[in-house]
Amino acid sequence: MLLKEMREQVYEANMDLPKHGLVVFTWGNASAFDRDRGLFVIKPSGVSYDKLTPENLVVCDLEGKVVEGTLRPSSDTPTHAILYKTWGDKIGGIVHTHSAAAVAWAQAGRAIPCYGTTQADYFYGEVPCMRGLTKEEIEQAYELNTGKVIIEGFKGKDIVAQPGCLVRNHGPFSWGSDAAEAVYHAVVMEEVAKMARDTELICRSADKPCAEALAPQYLLDKHYMRKHGPNAYYGQK
Amino acid sequence: MLLKEMREQVYEANMDLPKHGLVVFTWGNASAFDRDRGLFVIKPSGVSYDKLTPENLVVCDLEGKVVEGTLRPSSDTPTHAILYKTWGDKIGGIVHTHSAAAVAWAQAGRAIPCYGTTQADYFYGEVPCMRGLTKEEIEQAYELNTGKVIIEGFKGKDIVAQPGCLVRNHGPFSWGSDAAEAVYHAVVMEEVAKMARDTELICRSADKPCAEALAPQYLLDKHYMRKHGPNAYYGQK
Amino acid sequence: MLLKEMREQVYEANMDLPKHGLVVFTWGNASAFDRDRGLFVIKPSGVSYDKLTPENLVVCDLEGKVVEGTLRPSSDTPTHAILYKTWGDKIGGIVHTHSAAAVAWAQAGRAIPCYGTTQADYFYGEVPCMRGLTKEEIEQAYELNTGKVIIEGFKGKDIVAQPGCLVRNHGPFSWGSDAAEAVYHAVVMEEVAKMARDTELICRSADKPCAEALAPQYLLDKHYMRKHGPNAYYGQK
Amino acid sequence: MLLKEMREQVYEANMDLPKHGLVVFTWGNASAFDRDRGLFVIKPSGVSYDKLTPENLVVCDLEGKVVEGTLRPSSDTPTHAILYKTWGDKIGGIVHTHSAAAVAWAQAGRAIPCYGTTQADYFYGEVPCMRGLTKEEIEQAYELNTGKVIIEGFKGKDIVAQPGCLVRNHGPFSWGSDAAEAVYHAVVMEEVAKMARDTELICRSADKPCAEALAPQYLLDKHYMRKHGPNAYYGQK
């Protein structure tokens, strides 16, 4: 059986999604990428989490073709495939969920502004919102084009410093060095989505412009750098 | 004892309602319909979920008369009866709850607009809100007329493509091919009720018209069809 | 030991408050009244729920004096005492909590309007909000005057048909035929507080006047009567 | 091993943070101060709660230098150190979290107004919001200056009567006589943050000025004094 250890990691990552309250039913998926083999492991489509095992996960290549597995892979597989194909030198795990607060921002078609350090610790600025797909993009190759729109939206951005985004009218996608880190970033996105929603309500209740609440650039610099810069001092070495 | 297997399904469906956070106390009920016999199984009225058993469920006919059972059926039984009588060729399960977010939309008297794919995967457009019952309808045969108002509100609509609705000043009703699917759609309605409420708050905080957030028709078409159309490719075959 | 059976009931009622998410720490209390003896059983003050036992509950008379028990009774004891003294022919249990959504209405100084059937099933109309206590009332006999302000606010109202209220800048009080029913009504108040808050947000997002969302009087009549009138048909006989 | 008993207390306090829903992952820390030795015990940085033990906590002096422990202390250690150094005669425990509702107020840059008794029981008035740090303060000694800005913000205030604050664009800090009381105040802040947010929404839905909802000064006096004044009568003696 291919990628035995990675199967365990992807299994754990998928199981963590309902544990963190990010998915109900089967509304989410996690995958991980084996750079050397050019293959990734992903959740099968529509299988409930209590029936998931490391063994029934599906292995796909970068065209999204099944290499090992008897079940159909997640319907979002072409999105994962194109992201690994394009960004596979920088990321090793991807997560997609329909977590409620992040979805609300995606549906509103708004990036999550960076109002504080909770977001700044992981996202170097806003959580960007991608443009909506066109009619043609949706009809022709919906899931593949979802990935292409994400890649287009990150042109000129640092995907490691902004490890996730919102797809308009849809929901959040996140990534990381492995599946576990992609899950971590999915949790961050949901938490900051709640906090930013409430920050704006609290500003508005006092007729205070939300723009005044934005975290200043030097705070972003400090927080991101203390976790991720060359002189990082958060956590254990 | 009649409908032994269906009793188990209806028992499970009722027990899933508090598990999904859709009901407190006894504020909800699930039923299932046996098309061949023209009978349905429903929760007894006001019985707490921890005292429910497959055996104390009540079997009724399409006039809502008790055919088997010593307890009174749910006070909403005439609503279930008329829906099965009218739509019984297309649906096999019905659920009614007072889940908080869906009730808020029902109380506001507004349909839940379709802002994204979470809703589009199960509802081909909005979750409609029925008109309020008149004084006469309420006084004469309240629960039966609740069902009639739902049927009236779905004239010209596809009840399979929009498997649920809000009854004004009251709460959500959902249905499906069996009791389990009706529960599933009740969960969907509560989730999208939360998401849509927050989508509008997030739009308003940025003085953005909510109408701009609506999912375009071609996105609805795609999402609904990939799960339900003849070429559906979500889940396992 | 006095009122042994009632101690069990009051113990269960108090333990149900954190179970229903109505209290954190010690921010709530339940009591029950023995009409024949003119005594009530109440939670001791500031004792955490995991240290509560039927035996360490406190028995008080209608002046709020301790008749049995080594611990101090709840600081809200004079409120309970005056309510039983005045309404003891109609009620047998009282609950006070700081449940978050109901407190928000109390703090806003607004009655919870009746927007739907969830509320109408238990409250025949709004959940009223009492006037704030004056400086003198607070300084002289705060807890006793809290009870007096509630009694004043219910002049001309039916305390059985509206089994609870909000005390301004403070929080919810509810009552019932026994301690368990008072807990039930406390849960109802918290649920409808959430629903009404969201109903108004959803109305406002569409620039719809909240007044249009109010449940019509004939719906209130029907729902209240089907549970509580002489021809009640909800639940089991 | 130093401060054995205090290690147990700080361990319990840290473990209580996720239990009360105040932290996800490692986003929080609790410490306690030994006045006689001039040392404090604090959570190690970035260590998940399920790997925490009393033994792997870190002991620091008032300059924030590690006195005992093999792990790095929390990155917020200089904040704790300066607070103990300055206020150590009055406080014995400190907690910092990113609890969602309190963070929203901090991000909005607003103090939590005192709308009712839940807050008045523990905070003698508002929960103050500190000014944002300047670019220089952030770049030079961020965590130390966070503490200094808190101390500056409490000039002329009674830190025992207002046992916590919000740091702008960041989140809540609380303190108390020991670590457990600091946790208690962190829970209070999160609860009142939710209540005050909703109080303002409910006022606004009725076009009622939020200022009218403020608790009057005599209510603050009464509630604070009945728990904390010389004639306190809440709880057991």
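Letters A, B, C and D mark the chains in the order given here, with residues in each chain numbered from 1 onward.
Assume contacts are C-beta pairs under 8 Å (C-beta built on N, C-alpha and C of every residue); 3 or more make two chains touch, one makes a residue touch a chain.
In this text the structure is predicted, and so the values were computed from the model without any measurement.
Taken together, chain A and chain D share no touching chain. On superposing C-alpha atoms, the copy chain C sits rotated by 90° relative to chain D, to the nearest 5.
Interface of chain B with chain C: the two copies contact each other largely through different residue positions, with under half of all numbers used appearing on both sides.
With each centre defined as the average position of its C-alpha atoms, the distance from chain A to chain B rounds to 32 Å.
One simple way to say how far apart two chains are is to compare their mean CA positions; for chain A and chain C this gives 45 Å. Residues of chain C found to touch two or more other chains are 200-201, 203.
Under the contact rule stated at the top, the pairs of chains that touch are A-B, A-D, B-C, C-D. Residues of chain A touching chain D in their complex: 20, 115-118, 184, 187, 191, 194-196, 198-203, 205-206, 208, 212-213, 215-216, 218-219, 222, 226, 233-237.
Per the touch definition, chain B reaches chain C in the complex via residues 24-25, 27, 44-47, 71-72, 75, 98, 100-101, 103-110, 132-133, 135, 138-139, 142, 169-171, 197, 200-201, 203-204, 210.
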